[in-house]
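The following pair of complexes shares a single chain, chain A, combined with chain B in the former and chain C in the latter.
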Partner chain A sequence: MADIGHRDMAILSKPEEAGNTNRARIGRLGLESRQHAPGWYQALVLAGGVLAGLAVSALILMASGIGFAELANEFVVAIFTNAQNVSAVLTQAAPLLIAGLAAAVAFRVRFWNIGIEGQMIMGSIAATAVAIGDVGPEWARLGLMTLAAALGGLAWMLLPALLRIRLSVNEIISTLLLNYVAFNLLLHLLYGPWKDPRSSFPYSQQFDAAERLAPIGWQTLTYALPLALVLAALCWWLLNVSRVGFFTRVIHANPKMAAAMGLPVVAVTLGAALLSGALAGVAGFAVSAGVEYRMTQSFFVGYGFSGILIAFMARNNPLGAVLVALFVATLFVASQSLQVFYQIPGSMVQLIQAVMVIAVASSEFFIRFRIRLVR
Partner chain B sequence: MTQPALDLAAVSKSFDGFPALAGASFSVAAGEVHALLGENGAGKSSLMNVAAGLYRPDSGVIRVDGREVAIDGPVAAKRLGIGMVHQHYKLVKAFSAVENILLACGKGRFAGAAAVEQAIRRQAEAIGFQVDLRRPVGALSVAEQQRVEILKVLVEGARILILDEPSAVLTDKEAEALLGMMRQLAAQGAAVVLVTHKLGEVKRFADRVTVMRGGRTIATADPKARTVAELTSMIVGELVAEKRHPARDVGEPILTLEGVAGCRADGHRVLADASFALRRGEIYGIAGVGGNGQTELAEILMGVRKPVQGRIAIDGTGDVTHDGASRRRDLGLASIPADRQTYGLAGELSVADNYAVQAVRSGGLGGWMRVDGRAAQAQAATAVSAFEVQGVRGLRQKASLLSGGNAQKLVIAREFASQPRIVVAHSPSRGLDMRAAGAVHRRLREARDAGAGVLLISEDLDEVMLLSDRIGVMSGGRIVREFDTPADRQAIGTAMVHHG
Partner chain C sequence: MADFLINWIANVPAFAVPFALAALGLIVTEKSGVLSLGAEGFMLTGAMAGAGAFLVMGGHPFAALLVAALAAAALSLVFAAMTVTLRVNQVIAGLAIVFLAQGLTGLIAAKQGWTNRPVEGLGRLDLGPLSDLPVVGPILFSQDIVVYLTVPIFLAVTYVLSRTMVGLRLRAVGDGPDAADAAGVNVALYRYGAIMVGAALVGLAGGYLSVGVAKLWVDGMAGGRGWIAIALVIFARWQPWRALAGAVLFGGIEALIPRIAAVGLQVPQYFVLMTPYVATLAVMVWASLRAGAQNRFDEPRALGQPHLREERR
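What follows is the complex of A and B.
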């Protein structure tokens, strides 16, 4: 019964927090939980968290020998005043956004999909199979590749989703471990049957023109970006407008109550998990057909973590994910140039991402509580 | 009067600008049972949470044995000998009773566990509590869980005991035994605070009574010198005694159960054979000691637990034994679950969303493509005022911030929105004050008079006797006897404890 204890704490959201509220005192300061924080305040706090994270990140980078002026130049001036760089950021943002949507859809029903990278691999393998096998007429090729990618990702999710729903097998473990299975399958294909016939390097042959996401006519941008934006809009409609979206909110808040109210808990959970897998598959396709034009050994690296990060920072809101994906993409692009020009190790990017996550997660504290003077 | 064991003076506490306590004062002396009365939201629980170290007061003075103390957490309260049994239990569901008590008292970390278990068993026997100490408490009934909570506080050696509505979930006999035991503890020098709604208890078992209203203490009196009517008017300002209103127009059976059996989460078959018929226009009350299969029966009827045997039929539809909650609701079944926080509401969601769930599912708020948020807000606003849900400062406020009575009103408002044909109400007034319980009862009668069959499953015999048109007594997982009303309370009580 411990988890229903919050009723007689009337105001505090959780019983454990009741203890903290009273104990966590900083000198003459006390904490008080908020009943409701207005939207503008939440946005303000979130922005504050992002700023704090940026400040810490800047300090870390400065500590590793980059001047403040150079940092400002790399992150702000160079990125936003140069069309080529803007294009690089947008190109990078597209697959990140799709991966973020994949995470958000699953997290909305408390299905912790840690296997986005595995599903991306399977999506890309399926799309590459269509490309290599020249399946269907050329005009339909890209559509078929997208569909194959979605099905590939979805199929990879089927097992963990059913195991979780039927046998309560923890999806964190099953989706994570299937990443390794998918990766080894990828290596098998790239070192074996799908080795590039021209160079004998372990990556697939280049996609034909009809198998690539076409440039939209500005800089190097491809249709991967519009695809990602359309998917974001669809996810927004599904999660925030439609009836299913309402169901996901109830299931997220209290699955037992949702079941007692007769909501299709199993169907919605399964559907969200499969959709998450399908979106991840499409993300894999977007990298292969929109950036690299072939399937490589490492096209997926980092997207799983970044997708989770994006969903988390956007609070599983698809429109928020658009902004966060742009932000993360900026980080990626700026760090790439830092790596090249200042010899900053690549792991620094991950460090900065982690700092941002911690900063945003901590900012939640100020939404839940208010600090007050205690007499 | 001797020096009070616990003295709270001019205590104020507000949450986010809303005062829960406005200069409340209360004291209890060693050797007395002091009752604390008041409506839901009057501040009783808040005041006691201050004493138990869960809330830190904004202002005010706390003295224990005349010495001013700062209680900055539950551990500090425990050290001062203050123990509180909360209305909603603070237990780890997956742990057994023994493990929960070990966890709380912090003893027996290495070798003493067996000794502590011995102490628990002795304590349980001394009070006459029958609890399976080794079973996970999550599998125990609410009444059994309460016994674990009380044992926990006693084993910790509390000498200032605060019980927040202890008898709300007990049968007469259990309540009698519990309160008798509290008197005994007081005689041995303990100070006992009894937060309650039951005036009969107060008159019989309390030495003093303090009444709270609106975050303030209104008066302290000798309960023996006051009539129940006087006490009632001190609490609510006016007298509202509930009367029986028998059914006028009872129709054909609408819900029929034949030999329904069900298992608890651990596979134990606690519901052995439930057979009865609920008719249109009547309230069929199921009385019984907690843990005799009532929870499983309610969950099976709600559609969240599958029966392992038997048949459930709804008039005009036939067999619904294997249908889920969705289909049963489509057929006009409404449920008011005992565990509001688990099955009734989603605390994290807003009041409006909690109200809208039913309508969204059945298509009353737009199709699959779009949920009409504005209409949902409007409907919720209407329902909140029609069902007198108080404490709603905005429809976007989280439902978890509602007090027990108002949360229950919100559940009822939602469940009754679509004129149900069958109502399954499980302990619907548990933890509610008289006014709120009266409102819940009125709604149940209204549903009955509108032609619905109302199944009232309650461990509160007073409530069953007051509302029911027929009473089935549940014992050992079966309906062992049925009574027409007005029924003999003694006979029902006997049937509750003697099988067959």
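What follows is the complex of A and C.
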């Protein structure tokens, strides 16, 4: 690291000595910010980071007792040569993508929404309330459930968003704390009033046919996937094409500058935060009405960090999020079979995702800086 | 009623100590200008390592607590390398550490068969006749050793932070890293040190949780206490003694939870379990309502900003 001593030596030592001793010739390593890194270079560094993350993940899995050949088989061969597994990955990708969009929308205005899981729970609770209460005519039921889920997630975001904007209460902590509150509310409902009357197990009663996202007609795929893709396209339009998207980009680059330029910083930040909560609520609905067909105790587990990872790796770009969501979904599906066949605990998914974030975040060092020898 | 009160108050310290030690560790780290959101991860690491060490090393509670602190400090090297050397966004780095620790502790504990294995753990001290005294006996004289050590630990850390050269330099690095650098202080070294010492204290808090309180390891057993500790530090405006007071408050709330049902109060249990989180939120709102212009100076001024000598302002 930076070392003043060597530089001082070079200054203090006499010229003829400076030529003779090695020590005087060595400078220190300094960092220089890159003003601009070319696109190919950024892609190269990013690829290097991803590869390093994958390599470390593979080493961890091999250290847990899975051979390299089995690893390749579980993650690549078994998944992409089998229509059933492809369908499982796509099914898993839908709610992950929506959670990733929720994170991306908030991160674009530098609002750290760590409460995606709590908002998913509230969204699912609202949708399940519509389903259990048989609200509205059957043909409109799914639409009402989606709306309720969005409002549920939005409502759960309202308090942290307002606290951040009015009182500058740190939203990282407030959104995270509300996860625990929402989880306890979920348990209260599932062990109490919403317990399945048929089996008395702590999950809600099954949704009727009209309350489920319908199958598309290929394998087990449902309309959750088209819903997620449409939302991704809308978010892309909003963030990358529309005028508001331009505002979010300025706010992301420099909130103070944005305010000084007269942009509606407060309104855009509040809107993005609430949209993020609403999207997370819809993600909860997509799991309950598109995969599990009831509300369970742990349907949301892992989506919060996955959403953050998806937004981070995709650099808050909704279209990039589609790709990353597919990658994370592959990880989820492969890990289910690892759990069954190799007794690898589910926390492996979190571990690998964390390793990937650390590798990619660390690799960005080489995009932002250049190491220079300072004499 | 008196029995209830004595019983409750006697249990507060065991619940307050994890918050207190974790908040103290966070203060050490954050005084150096590094935003430490990884507390939950360091706490989990300490808890798992403590329980594991107790099982593997033949039941020495002190060795287990030491291992807990060292394990968290070792993991914090990853965090330090990311935030200090590679200048990664400190929010991303902290979150990544939390999830890394959640995954790692779950994996290691499952592979080693440590999950849900009860340990004998740390016993309460028996001070003979003192412990048998009415009222003050159970409250003051029959806690475990870590409870008694917490106050000296606080004294030592506050002394170092506010009265020694090392503490002065550490605070300088957190308030004005450019000036500190110009004055010859090795910013990176101090930040690495502050991160590791802070993580060790948070890890100790975690180890106390598994070895001292729960006496077993379960996945995710920190249960948000690391996050509550982060909120406590903001509430305490980075001042150790106020953090200790906050920890006692939260310890009081947590100690009350299992006792509400026991006395036959009919409150839905899951709403009771929400109280620590709701209380934390309330405390944060209160702290920010009260934070006037002059209170903002309590926050380390370079908190969350990486230091880059070449971009000296």
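The criterion applied here is as follows: the second predicted complex is superposed on the first by the 336 of 375 C-alpha atoms of A that agree within 3 Å, B and C clash if a C-alpha of one lies under 4 Å from a C-alpha of the other, contacts with A are read in each partner's own complex, and residues count from 1 in each chain.
The rule is simple: a residue touches a chain if its C-beta (ideal position, glycine included) is under 8 Å from a C-beta of that chain, and two chains touch if they have at least 3 such contacts.
Fair warning: this is a prediction, and the values are worked out from it, not measured in the lab.
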| item | value |
| --- | --- |
| Which superposed partner A:L185 touches (first chain B, second chain C, both, neither) | second |
| Which superposed partner A:A69 touches (first chain B, second chain C, both, neither) | neither |
| Touching partner for A:V241 - first (chain B), second (chain C), both, neither | first |
| Contacts of A:F365 with chain B and chain C, given as first, second, both or neither | second |
| Which of chain B and chain C A:M261 touches, first, second, both or neither | first |
| Which superposed partner A:A253 touches (first chain B, second chain C, both, neither) | first |
| Touching partner for A:W112 - first (chain B), second (chain C), both, neither | second |
| Contact residues common to both interfaces of chain A (with chain B and with chain C) | 1-2, 4, 30, 32-33 |
| Complex contact set, residues of chain B against chain A | 15-16, 18, 20, 45-46, 49, 53-56, 58-59, 72-74, 86-93, 137-138, 142, 145, 164, 302-304, 324-330, 335, 337, 339-349, 353, 356-358, 360-361, 366-371, 393-394, 396-398, 400-401, 403-404, 407 |
| List of chain A residues in touch with chain B within their complex | 1-11, 13, 15, 18-19, 21-23, 25, 30, 32-36, 241-247, 249-250, 252-254, 256-264, 370, 374-375 |
| Contacting residues of chain A [partner chain C, same complex] | 1-2, 4, 30-33, 60, 64, 112, 114, 163, 167-170, 172-174, 176-178, 180-181, 184-185, 187-188, 191-192, 305, 308, 312, 343-355, 357-358, 361-362, 364-365, 368-369 |
| Footprint of chain A on chain C - complex, ascending | 37, 78, 81-82, 85-89, 91-93, 95-97, 99-100, 102-107, 110-111, 184, 186, 188-189, 219, 223-224, 227-228, 230-231, 234, 268, 270-271, 273-274, 277-278, 280-281, 284-285, 288-289, 308-311 |
